[in-house]
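Next come two complexes, and both contain subunit A; in the first it sits with subunit B, in the second with subunit C.
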Partner chain A sequence: MNRLQKKAWINLAAITACVVLTGMCLGILVYINARGFDSLLVGLVPGLVAGLVFYVRSVSEEAKLDEREKTIARKSFVWACYTLTLFWACASFGIFFVAGGKSVVPAYTLPVVFLAGLFLAQFVESAAILIQFARETADE
Partner chain B sequence: MSSDYLTNQVRRLRFEHGQMTQQQLADKVGVTRQTIIAIESGKYAPSLPLAFKLARTFDVPIEQVFQYDEQET
Partner chain C sequence: MNKTQEASWFYFFLGLACFLIPGGVAVFIAYDRGISFAPVFMFAGIVIWGGLFWLFPFIEKKVRKGQKKITFDERDQLIHKKAVMAGYVVPWLYFVAVCVVAWCVVGPHGSISVNVMPLTLLGGLVIFTLAQGLASLIQYGRGGKDGEK
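The block that comes next holds the complex of A and B.
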(Lines of atoms letter the chains of each structure in order from A and count residues from 1; the text may use other names and numbers.)
(Lines give C-alpha, C1' and ligand atoms only; values in the text may rest on other atoms or scores of the structure.)
Protein backbone atom coordinates (compact mmCIF):
# COMPACT_ATOMS: atom_id res chain seq x y z
CA MET A 1 0.00 0.00 0.00
CA ASN A 2 1.50 3.32 -1.04
CA ARG A 3 1.13 6.85 0.36
CA LEU A 4 -1.90 7.75 -1.74
CA GLN A 5 -3.80 4.59 -0.80
CA LYS A 6 -3.01 5.13 2.89
CA LYS A 7 -4.21 8.73 2.58
CA ALA A 8 -7.44 7.56 0.95
CA TRP A 9 -8.15 5.04 3.73
CA ILE A 10 -7.38 7.62 6.44
CA ASN A 11 -9.63 10.12 4.64
CA LEU A 12 -12.48 7.61 4.53
CA ALA A 13 -12.16 6.96 8.26
CA ALA A 14 -11.92 10.68 8.99
CA ILE A 15 -14.94 11.49 6.85
CA THR A 16 -17.00 8.89 8.68
CA ALA A 17 -15.93 10.33 12.03
CA CYS A 18 -16.63 13.88 10.84
CA VAL A 19 -20.09 12.95 9.56
CA VAL A 20 -21.01 11.37 12.90
CA LEU A 21 -19.52 14.22 14.94
CA THR A 22 -20.90 17.07 12.86
CA GLY A 23 -24.27 15.33 12.52
CA MET A 24 -24.50 15.08 16.31
CA CYS A 25 -23.49 18.73 16.75
CA LEU A 26 -25.99 19.88 14.13
CA GLY A 27 -28.68 17.70 15.69
CA ILE A 28 -28.10 19.33 19.09
CA LEU A 29 -28.16 22.82 17.53
CA VAL A 30 -31.43 22.08 15.79
CA TYR A 31 -32.88 20.50 18.97
CA ILE A 32 -32.10 23.53 21.14
CA ASN A 33 -33.07 25.82 18.25
CA ALA A 34 -29.74 27.65 18.48
CA ARG A 35 -29.33 30.75 16.40
CA GLY A 36 -26.56 33.18 15.61
CA PHE A 37 -23.14 32.71 14.07
CA ASP A 38 -21.45 31.79 17.38
CA SER A 39 -23.63 28.80 18.10
CA LEU A 40 -23.30 27.56 14.54
CA LEU A 41 -19.53 27.94 14.67
CA VAL A 42 -19.20 26.23 18.07
CA GLY A 43 -21.41 23.37 16.90
CA LEU A 44 -19.45 22.81 13.72
CA VAL A 45 -15.94 23.41 15.04
CA PRO A 46 -14.98 19.69 15.19
CA GLY A 47 -15.94 19.15 11.57
CA LEU A 48 -14.36 22.37 10.37
CA VAL A 49 -11.07 21.75 12.20
CA ALA A 50 -10.88 18.16 10.95
CA GLY A 51 -11.58 19.33 7.40
CA LEU A 52 -8.89 22.00 7.61
CA VAL A 53 -6.30 19.56 9.01
CA PHE A 54 -6.95 17.07 6.21
CA TYR A 55 -6.86 19.79 3.56
CA VAL A 56 -3.45 21.04 4.77
CA ARG A 57 -2.15 17.47 5.02
CA SER A 58 -3.30 16.55 1.52
CA VAL A 59 -1.66 19.65 0.04
CA SER A 60 1.68 18.89 1.73
CA GLU A 61 1.56 15.21 0.72
CA GLU A 62 0.82 16.05 -2.92
CA ALA A 63 4.47 17.00 -3.44
CA LYS A 64 5.67 13.54 -2.39
CA LEU A 65 3.65 11.68 -5.03
CA ASP A 66 5.11 10.46 -8.31
CA GLU A 67 3.58 11.35 -11.68
CA ARG A 68 1.24 8.33 -11.88
CA GLU A 69 -0.07 8.89 -8.36
CA LYS A 70 -0.59 12.58 -9.16
CA THR A 71 -2.61 11.57 -12.24
CA ILE A 72 -4.78 9.26 -10.12
CA ALA A 73 -5.19 11.96 -7.45
CA ARG A 74 -6.10 14.58 -10.07
CA LYS A 75 -8.64 12.29 -11.74
CA SER A 76 -10.22 11.49 -8.38
CA PHE A 77 -10.42 15.20 -7.54
CA VAL A 78 -12.25 15.84 -10.83
CA TRP A 79 -14.74 13.06 -10.01
CA ALA A 80 -15.25 14.63 -6.58
CA CYS A 81 -15.92 18.04 -8.18
CA TYR A 82 -18.47 16.53 -10.57
CA THR A 83 -20.17 14.75 -7.66
CA LEU A 84 -20.26 17.92 -5.58
CA THR A 85 -21.79 19.96 -8.40
CA LEU A 86 -24.32 17.26 -9.22
CA PHE A 87 -25.27 16.76 -5.57
CA TRP A 88 -25.75 20.45 -4.87
CA ALA A 89 -27.75 20.87 -8.08
CA CYS A 90 -29.96 17.87 -7.32
CA ALA A 91 -30.44 18.95 -3.69
CA SER A 92 -31.28 22.56 -4.60
CA PHE A 93 -33.68 21.73 -7.39
CA GLY A 94 -34.96 18.62 -5.61
CA ILE A 95 -36.22 20.69 -2.68
CA PHE A 96 -37.94 23.02 -5.15
CA PHE A 97 -39.64 20.18 -7.00
CA VAL A 98 -40.58 18.15 -3.92
CA ALA A 99 -41.67 20.95 -1.59
CA GLY A 100 -42.97 23.37 -4.19
CA GLY A 101 -41.94 26.88 -5.10
CA LYS A 102 -43.81 28.65 -2.32
CA SER A 103 -43.03 26.21 0.49
CA VAL A 104 -40.83 26.93 3.49
CA VAL A 105 -38.00 24.56 4.37
CA PRO A 106 -36.34 24.37 7.82
CA ALA A 107 -33.26 26.57 8.20
CA TYR A 108 -31.02 23.58 8.96
CA THR A 109 -31.62 22.23 5.45
CA LEU A 110 -29.05 24.58 3.93
CA PRO A 111 -26.06 23.69 6.16
CA VAL A 112 -27.03 20.01 5.95
CA VAL A 113 -27.02 20.14 2.14
CA PHE A 114 -23.75 22.10 2.15
CA LEU A 115 -21.96 19.75 4.55
CA ALA A 116 -23.40 16.61 3.00
CA GLY A 117 -22.04 17.76 -0.36
CA LEU A 118 -18.56 18.30 1.07
CA PHE A 119 -18.54 14.94 2.83
CA LEU A 120 -19.85 13.17 -0.26
CA ALA A 121 -17.16 14.77 -2.43
CA GLN A 122 -14.44 13.67 0.00
CA PHE A 123 -15.90 10.18 0.07
CA VAL A 124 -15.99 9.96 -3.73
CA GLU A 125 -12.42 11.26 -4.01
CA SER A 126 -11.08 8.66 -1.56
CA ALA A 127 -13.14 5.85 -3.06
CA ALA A 128 -12.03 6.80 -6.58
CA ILE A 129 -8.36 6.60 -5.53
CA LEU A 130 -8.87 3.16 -3.98
CA ILE A 131 -10.91 1.89 -6.96
CA GLN A 132 -8.26 3.01 -9.48
CA PHE A 133 -5.50 1.25 -7.55
CA ALA A 134 -7.68 -1.84 -7.06
CA ARG A 135 -8.42 -2.03 -10.80
CA GLU A 136 -4.71 -1.98 -11.62
CA THR A 137 -3.97 -4.65 -9.05
CA ALA A 138 -6.86 -6.87 -10.19
CA ASP A 139 -5.53 -6.98 -13.76
CA GLU A 140 -1.97 -7.92 -12.76
CA MET B 1 -4.42 6.04 -18.31
CA SER B 2 -3.87 2.71 -20.06
CA SER B 3 -1.82 2.66 -23.24
CA ASP B 4 -3.45 0.26 -25.71
CA TYR B 5 -1.03 0.87 -28.57
CA LEU B 6 2.11 1.53 -26.57
CA THR B 7 4.33 -1.44 -25.84
CA ASN B 8 7.60 -1.43 -23.94
CA GLN B 9 10.67 -3.51 -23.23
CA VAL B 10 11.25 -2.31 -19.68
CA ARG B 11 11.00 -5.79 -18.17
CA ARG B 12 13.44 -7.32 -20.68
CA LEU B 13 15.88 -4.42 -20.29
CA ARG B 14 15.79 -4.75 -16.51
CA PHE B 15 16.86 -8.37 -16.75
CA GLU B 16 19.54 -7.53 -19.29
CA HIS B 17 20.95 -4.97 -16.87
CA GLY B 18 22.06 -7.34 -14.16
CA GLN B 19 18.64 -8.59 -13.10
CA MET B 20 17.72 -5.12 -11.88
CA THR B 21 14.71 -5.26 -9.56
CA GLN B 22 11.62 -3.09 -10.03
CA GLN B 23 12.46 -1.27 -6.80
CA GLN B 24 16.01 -0.49 -7.96
CA LEU B 25 14.71 0.88 -11.26
CA ALA B 26 12.03 2.87 -9.44
CA ASP B 27 14.64 4.44 -7.15
CA LYS B 28 16.84 5.35 -10.11
CA VAL B 29 14.10 7.17 -12.02
CA GLY B 30 12.33 8.59 -8.96
CA VAL B 31 8.97 6.83 -8.97
CA THR B 32 7.30 4.12 -6.89
CA ARG B 33 7.60 0.39 -7.61
CA GLN B 34 3.87 0.31 -8.39
CA THR B 35 4.46 2.79 -11.20
CA ILE B 36 7.14 0.56 -12.73
CA ILE B 37 4.71 -2.38 -12.47
CA ALA B 38 1.99 -0.30 -14.18
CA ILE B 39 4.38 0.74 -16.97
CA GLU B 40 5.63 -2.81 -17.57
CA SER B 41 2.10 -4.16 -17.78
CA GLY B 42 1.09 -1.39 -20.20
CA LYS B 43 -1.50 0.10 -17.87
CA TYR B 44 0.26 3.43 -17.59
CA ALA B 45 1.91 5.47 -20.32
CA PRO B 46 4.71 7.47 -18.68
CA SER B 47 5.38 11.14 -19.35
CA LEU B 48 8.16 12.05 -21.80
CA PRO B 49 10.61 13.05 -19.03
CA LEU B 50 10.08 9.71 -17.28
CA ALA B 51 10.39 7.80 -20.56
CA PHE B 52 13.73 9.54 -21.23
CA LYS B 53 14.89 8.80 -17.70
CA LEU B 54 14.11 5.11 -18.22
CA ALA B 55 15.92 5.05 -21.56
CA ARG B 56 18.98 6.76 -20.08
CA THR B 57 19.02 4.35 -17.15
CA PHE B 58 19.27 1.48 -19.63
CA ASP B 59 21.62 3.52 -21.85
CA VAL B 60 19.54 2.91 -24.98
CA PRO B 61 17.52 5.18 -27.31
CA ILE B 62 13.92 5.79 -26.23
CA GLU B 63 12.63 3.83 -29.27
CA GLN B 64 14.21 0.70 -27.89
CA VAL B 65 12.28 1.06 -24.67
CA PHE B 66 8.87 2.18 -26.01
CA GLN B 67 7.18 1.28 -29.27
CA TYR B 68 4.04 2.89 -30.63
CA ASP B 69 1.90 0.95 -33.13
CA GLU B 70 0.43 3.59 -35.46
CA GLN B 71 -1.68 1.11 -37.45
CA GLU B 72 -4.11 0.59 -34.57
CA THR B 73 -5.01 4.30 -34.20
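The block that comes next holds the complex of A and C.
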Protein backbone atom coordinates (compact mmCIF):
# COMPACT_ATOMS: atom_id res chain seq x y z
CA MET A 1 0.00 0.00 0.00
CA ASN A 2 1.57 3.30 -1.06
CA ARG A 3 1.32 6.80 0.49
CA LEU A 4 -1.74 7.92 -1.46
CA GLN A 5 -3.69 4.75 -0.69
CA LYS A 6 -2.88 5.12 3.01
CA LYS A 7 -4.00 8.75 2.80
CA ALA A 8 -7.28 7.68 1.18
CA TRP A 9 -8.03 5.21 4.00
CA ILE A 10 -7.01 7.73 6.70
CA ASN A 11 -9.15 10.47 5.12
CA LEU A 12 -12.13 8.13 4.90
CA ALA A 13 -11.74 7.09 8.55
CA ALA A 14 -11.24 10.71 9.64
CA ILE A 15 -14.31 12.02 7.81
CA THR A 16 -16.41 9.12 9.15
CA ALA A 17 -15.28 9.91 12.71
CA CYS A 18 -15.91 13.64 12.15
CA VAL A 19 -19.40 13.05 10.76
CA VAL A 20 -20.32 10.65 13.59
CA LEU A 21 -18.96 13.03 16.25
CA THR A 22 -20.53 16.13 14.70
CA GLY A 23 -23.82 14.27 14.20
CA MET A 24 -23.84 13.34 17.89
CA CYS A 25 -23.03 16.93 18.92
CA LEU A 26 -25.71 18.22 16.56
CA GLY A 27 -28.23 15.82 18.07
CA ILE A 28 -27.32 16.93 21.61
CA LEU A 29 -27.58 20.61 20.63
CA VAL A 30 -30.99 20.01 19.05
CA TYR A 31 -32.11 18.02 22.11
CA ILE A 32 -31.11 20.72 24.61
CA ASN A 33 -32.36 23.41 22.20
CA ALA A 34 -29.02 25.24 22.36
CA ARG A 35 -29.35 28.69 20.90
CA GLY A 36 -26.92 31.51 20.23
CA PHE A 37 -23.36 31.77 19.04
CA ASP A 38 -21.65 30.75 22.33
CA SER A 39 -22.83 27.16 22.26
CA LEU A 40 -21.85 26.76 18.62
CA LEU A 41 -18.42 28.29 19.22
CA VAL A 42 -17.51 25.24 21.34
CA GLY A 43 -17.82 23.00 18.28
CA LEU A 44 -16.86 25.55 15.65
CA VAL A 45 -13.38 26.47 16.94
CA PRO A 46 -12.02 22.88 17.20
CA GLY A 47 -13.64 22.12 13.84
CA LEU A 48 -11.94 25.04 12.11
CA VAL A 49 -8.58 24.28 13.76
CA ALA A 50 -8.85 20.60 12.75
CA GLY A 51 -9.79 21.63 9.19
CA LEU A 52 -6.80 23.98 8.98
CA VAL A 53 -4.36 21.34 10.29
CA PHE A 54 -5.83 18.77 7.89
CA TYR A 55 -5.50 21.20 4.96
CA VAL A 56 -1.88 22.20 5.75
CA ARG A 57 -0.96 18.52 6.21
CA SER A 58 -2.53 17.52 2.89
CA VAL A 59 -0.76 20.37 1.03
CA SER A 60 2.63 19.42 2.51
CA GLU A 61 2.06 15.74 1.68
CA GLU A 62 1.12 16.55 -1.92
CA ALA A 63 4.71 17.61 -2.65
CA LYS A 64 5.93 14.08 -1.82
CA LEU A 65 3.71 12.43 -4.47
CA ASP A 66 5.05 11.41 -7.88
CA GLU A 67 3.41 12.42 -11.19
CA ARG A 68 1.24 9.30 -11.47
CA GLU A 69 -0.05 9.69 -7.90
CA LYS A 70 -0.69 13.38 -8.48
CA THR A 71 -2.78 12.60 -11.57
CA ILE A 72 -4.82 10.04 -9.63
CA ALA A 73 -5.27 12.45 -6.71
CA ARG A 74 -6.35 15.27 -9.04
CA LYS A 75 -8.90 13.08 -10.87
CA SER A 76 -10.32 11.87 -7.55
CA PHE A 77 -10.57 15.43 -6.23
CA VAL A 78 -12.46 16.51 -9.38
CA TRP A 79 -14.88 13.58 -8.96
CA ALA A 80 -15.39 14.52 -5.30
CA CYS A 81 -16.16 18.15 -6.26
CA TYR A 82 -18.68 17.03 -8.90
CA THR A 83 -20.34 14.69 -6.38
CA LEU A 84 -20.49 17.40 -3.72
CA THR A 85 -22.06 19.95 -6.09
CA LEU A 86 -24.50 17.43 -7.52
CA PHE A 87 -25.55 16.19 -4.08
CA TRP A 88 -26.10 19.68 -2.69
CA ALA A 89 -28.01 20.68 -5.84
CA CYS A 90 -30.26 17.58 -5.72
CA ALA A 91 -30.84 17.94 -1.97
CA SER A 92 -31.59 21.70 -2.09
CA PHE A 93 -33.83 21.67 -5.14
CA GLY A 94 -35.38 18.32 -4.14
CA ILE A 95 -36.44 19.68 -0.73
CA PHE A 96 -37.57 22.92 -2.38
CA PHE A 97 -39.81 21.20 -4.94
CA VAL A 98 -41.11 18.49 -2.60
CA ALA A 99 -41.98 20.84 0.26
CA GLY A 100 -43.17 23.73 -1.92
CA GLY A 101 -41.98 27.31 -2.26
CA LYS A 102 -43.77 28.65 0.83
CA SER A 103 -42.93 25.81 3.21
CA VAL A 104 -40.45 25.83 6.07
CA VAL A 105 -37.85 23.26 7.14
CA PRO A 106 -36.11 22.75 10.53
CA ALA A 107 -32.95 24.84 10.99
CA TYR A 108 -30.81 21.73 11.45
CA THR A 109 -31.57 20.64 7.86
CA LEU A 110 -28.81 22.92 6.54
CA PRO A 111 -25.92 21.46 8.63
CA VAL A 112 -27.25 17.92 8.05
CA VAL A 113 -27.22 18.40 4.25
CA PHE A 114 -23.81 20.10 4.49
CA LEU A 115 -22.32 17.25 6.55
CA ALA A 116 -23.86 14.54 4.36
CA GLY A 117 -22.38 16.23 1.29
CA LEU A 118 -18.92 16.39 2.86
CA PHE A 119 -19.04 12.73 3.86
CA LEU A 120 -20.21 11.67 0.40
CA ALA A 121 -17.50 13.76 -1.31
CA GLN A 122 -14.74 12.29 0.86
CA PHE A 123 -16.12 8.79 0.33
CA VAL A 124 -16.10 9.29 -3.47
CA GLU A 125 -12.56 10.75 -3.39
CA SER A 126 -11.15 7.87 -1.33
CA ALA A 127 -13.04 5.26 -3.36
CA ALA A 128 -11.84 6.83 -6.63
CA ILE A 129 -8.20 6.73 -5.45
CA LEU A 130 -8.45 3.10 -4.35
CA ILE A 131 -10.32 2.02 -7.52
CA GLN A 132 -7.80 3.73 -9.82
CA PHE A 133 -4.90 2.03 -8.04
CA ALA A 134 -6.70 -1.32 -8.13
CA ARG A 135 -7.36 -0.96 -11.89
CA GLU A 136 -3.73 -0.06 -12.57
CA THR A 137 -2.54 -3.03 -10.52
CA ALA A 138 -4.95 -5.31 -12.43
CA ASP A 139 -3.65 -3.98 -15.79
CA GLU A 140 -0.08 -4.75 -14.77
CA MET B 1 -4.64 39.93 -21.87
CA ASN B 2 -3.98 36.19 -22.18
CA LYS B 3 -6.53 33.36 -22.45
CA THR B 4 -6.67 32.66 -18.70
CA GLN B 5 -7.38 36.30 -17.91
CA GLU B 6 -10.08 36.38 -20.57
CA ALA B 7 -11.62 33.24 -19.07
CA SER B 8 -11.47 34.79 -15.59
CA TRP B 9 -13.33 37.89 -16.74
CA PHE B 10 -15.81 35.69 -18.60
CA TYR B 11 -16.52 33.57 -15.49
CA PHE B 12 -16.59 36.68 -13.35
CA PHE B 13 -19.34 38.55 -15.22
CA LEU B 14 -21.22 36.14 -17.47
CA GLY B 15 -21.28 33.37 -14.87
CA LEU B 16 -22.53 35.73 -12.19
CA ALA B 17 -25.25 37.12 -14.44
CA CYS B 18 -26.38 33.72 -15.65
CA PHE B 19 -26.55 32.08 -12.22
CA LEU B 20 -27.60 34.94 -9.99
CA ILE B 21 -30.30 36.70 -12.02
CA PRO B 22 -32.38 33.70 -13.20
CA GLY B 23 -31.89 31.94 -9.84
CA GLY B 24 -33.01 34.96 -7.83
CA VAL B 25 -35.98 35.63 -10.12
CA ALA B 26 -37.06 31.96 -10.08
CA VAL B 27 -36.96 31.76 -6.27
CA PHE B 28 -38.86 35.06 -6.04
CA ILE B 29 -41.59 33.80 -8.44
CA ALA B 30 -41.83 30.46 -6.59
CA TYR B 31 -42.09 32.28 -3.25
CA ASP B 32 -44.60 34.86 -4.49
CA ARG B 33 -46.89 32.73 -6.69
CA GLY B 34 -46.03 29.16 -5.73
CA ILE B 35 -44.55 26.45 -7.94
CA SER B 36 -45.51 26.89 -11.59
CA PHE B 37 -43.99 26.24 -15.00
CA ALA B 38 -41.93 29.47 -15.08
CA PRO B 39 -39.68 28.88 -12.00
CA VAL B 40 -39.26 25.18 -12.85
CA PHE B 41 -38.25 26.17 -16.39
CA MET B 42 -35.81 28.75 -15.03
CA PHE B 43 -34.26 26.26 -12.60
CA ALA B 44 -33.96 23.73 -15.43
CA GLY B 45 -32.31 26.44 -17.53
CA ILE B 46 -29.81 27.16 -14.74
CA VAL B 47 -28.98 23.46 -14.39
CA ILE B 48 -28.50 23.11 -18.17
CA TRP B 49 -26.50 26.34 -18.33
CA GLY B 50 -24.45 25.21 -15.32
CA GLY B 51 -23.66 21.95 -17.13
CA LEU B 52 -22.62 23.78 -20.27
CA PHE B 53 -20.67 26.27 -18.18
CA TRP B 54 -18.48 23.51 -16.74
CA LEU B 55 -18.15 21.95 -20.20
CA PHE B 56 -16.73 25.12 -21.79
CA PRO B 57 -13.06 24.33 -20.99
CA PHE B 58 -13.43 20.81 -22.44
CA ILE B 59 -15.18 22.10 -25.60
CA GLU B 60 -12.56 24.82 -26.04
CA LYS B 61 -9.81 22.21 -25.60
CA LYS B 62 -11.40 20.02 -28.32
CA VAL B 63 -11.93 22.95 -30.69
CA ARG B 64 -8.37 24.20 -30.28
CA LYS B 65 -6.85 20.73 -30.49
CA GLY B 66 -5.79 21.27 -34.11
CA GLN B 67 -4.02 24.51 -33.29
CA LYS B 68 -0.57 23.73 -31.97
CA LYS B 69 -0.20 27.11 -30.26
CA ILE B 70 0.66 26.82 -26.55
CA THR B 71 -1.56 29.16 -24.56
CA PHE B 72 -1.27 27.63 -21.07
CA ASP B 73 2.24 27.49 -19.62
CA GLU B 74 3.54 26.35 -16.21
CA ARG B 75 2.94 29.73 -14.61
CA ASP B 76 -0.68 29.84 -15.84
CA GLN B 77 -1.14 26.33 -14.48
CA LEU B 78 0.15 27.37 -11.05
CA ILE B 79 -2.09 30.45 -11.02
CA HIS B 80 -5.07 28.33 -12.05
CA LYS B 81 -4.32 25.80 -9.29
CA LYS B 82 -4.13 28.52 -6.63
CA ALA B 83 -7.31 30.15 -7.97
CA VAL B 84 -9.21 26.85 -7.82
CA MET B 85 -7.98 26.34 -4.26
CA ALA B 86 -9.21 29.84 -3.32
CA GLY B 87 -12.50 29.10 -5.05
CA TYR B 88 -12.77 25.90 -2.98
CA VAL B 89 -11.95 27.40 0.43
CA VAL B 90 -14.18 30.51 0.23
CA PRO B 91 -17.51 28.68 -0.46
CA TRP B 92 -16.54 26.19 2.29
CA LEU B 93 -16.40 29.04 4.82
CA TYR B 94 -19.57 30.50 3.29
CA PHE B 95 -21.54 27.25 3.82
CA VAL B 96 -20.31 26.98 7.43
CA ALA B 97 -21.28 30.63 8.02
CA VAL B 98 -24.77 30.08 6.55
CA CYS B 99 -25.35 27.03 8.79
CA VAL B 100 -24.15 28.91 11.89
CA VAL B 101 -26.14 32.08 11.13
CA ALA B 102 -29.36 30.15 10.44
CA TRP B 103 -28.89 28.17 13.66
CA CYS B 104 -28.12 31.28 15.74
CA VAL B 105 -31.04 33.28 14.38
CA VAL B 106 -33.86 30.76 14.78
CA GLY B 107 -32.40 28.08 17.10
CA PRO B 108 -32.33 24.31 16.42
CA HIS B 109 -36.07 23.89 16.94
CA GLY B 110 -36.86 26.90 14.78
CA SER B 111 -37.71 26.80 11.09
CA ILE B 112 -36.22 28.43 8.04
CA SER B 113 -37.87 29.05 4.69
CA VAL B 114 -37.30 26.28 2.18
CA ASN B 115 -36.07 28.97 -0.24
CA VAL B 116 -32.90 29.28 1.86
CA MET B 117 -31.69 25.89 0.57
CA PRO B 118 -31.49 26.63 -3.19
CA LEU B 119 -30.51 30.23 -2.49
CA THR B 120 -27.60 29.03 -0.35
CA LEU B 121 -26.46 26.71 -3.14
CA LEU B 122 -26.77 29.41 -5.81
CA GLY B 123 -24.88 31.80 -3.52
CA GLY B 124 -22.16 29.16 -3.09
CA LEU B 125 -21.81 28.71 -6.87
CA VAL B 126 -21.66 32.48 -7.38
CA ILE B 127 -19.07 32.86 -4.61
CA PHE B 128 -17.01 30.00 -6.07
CA THR B 129 -17.02 31.65 -9.51
CA LEU B 130 -16.33 35.06 -8.01
CA ALA B 131 -13.47 33.86 -5.76
CA GLN B 132 -11.84 31.85 -8.55
CA GLY B 133 -12.05 34.70 -11.08
CA LEU B 134 -10.89 37.26 -8.54
CA ALA B 135 -7.96 35.09 -7.38
CA SER B 136 -6.80 34.64 -11.00
CA LEU B 137 -7.09 38.34 -11.76
CA ILE B 138 -5.28 39.34 -8.54
CA GLN B 139 -2.43 36.92 -9.29
CA TYR B 140 -2.09 38.20 -12.86
CA GLY B 141 -2.41 41.77 -11.59
CA ARG B 142 0.79 41.31 -9.58
CA GLY B 143 2.75 41.07 -12.84
CA GLY B 144 3.25 43.79 -15.43
CA LYS B 145 1.41 44.30 -18.69
CA ASP B 146 -0.52 41.17 -19.82
CA GLY B 147 0.46 39.52 -16.55
CA GLU B 148 4.13 39.36 -17.53
CA LYS B 149 6.65 39.74 -14.73
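The rule is short, and it goes like this: the second predicted complex is superposed on the first by the 130 of 140 C-alpha atoms of A that agree within 3 Å, B and C clash if a C-alpha of one lies under 4 Å from a C-alpha of the other, contacts with A are read in each partner's own complex, and residues count from 1 in each chain.
To be clear about the criterion, contacts are C-beta pairs under 8 Å (C-beta built on N, C-alpha and C of every residue); 3 or more make two chains touch, one makes a residue touch a chain.
Here the structure is a predicted model, which is why all the values come from computation and not from measurement.
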Touched partner set for A:E136, first subunit B, second subunit C, both or neither: first
Partner chain(s) touched by A:G100 [first = subunit B, second = subunit C, both, neither]: second
Greater subunit A contact set [subunit C / subunit B]: C
Subunit B versus subunit C as contact partner of A:L21, first or second or both or neither: neither
Which superposed partner A:A127 touches (first subunit B, second subunit C, both, neither): neither
Which of subunit B and subunit C A:N2 touches, first, second, both or neither: first
Partner chain in contact with A:T109 - subunit B first, subunit C second, else both or neither: second
Subunit B versus subunit C as contact partner of A:D66, first or second or both or neither: first
Which superposed partner A:I10 touches (first subunit B, second subunit C, both, neither): neither
Common interface residues of subunit A - those touching subunit B in one complex and subunit C in the other: none
Subunit A partner contacts - residues on subunit B that touch it in the complex: 1, 30-32, 34-35, 37-38, 41, 43-44, 46-47, 50
Partner subunit B, residues of subunit A touching it in the complex: 2, 66-69, 71-72, 75, 132-133, 136, 139-140
Residues on subunit C engaged by subunit A in the complex (per definition of touch): 27, 30-31, 34-35, 39-40, 43, 47, 88-89, 95-96, 98-100, 102-104, 106-118, 120-121, 124-125
Partner subunit C, residues of subunit A touching it in the complex: 29-30, 33-37, 40, 44, 48, 55, 81, 85, 88-89, 91-93, 95-97, 99-111, 113-114
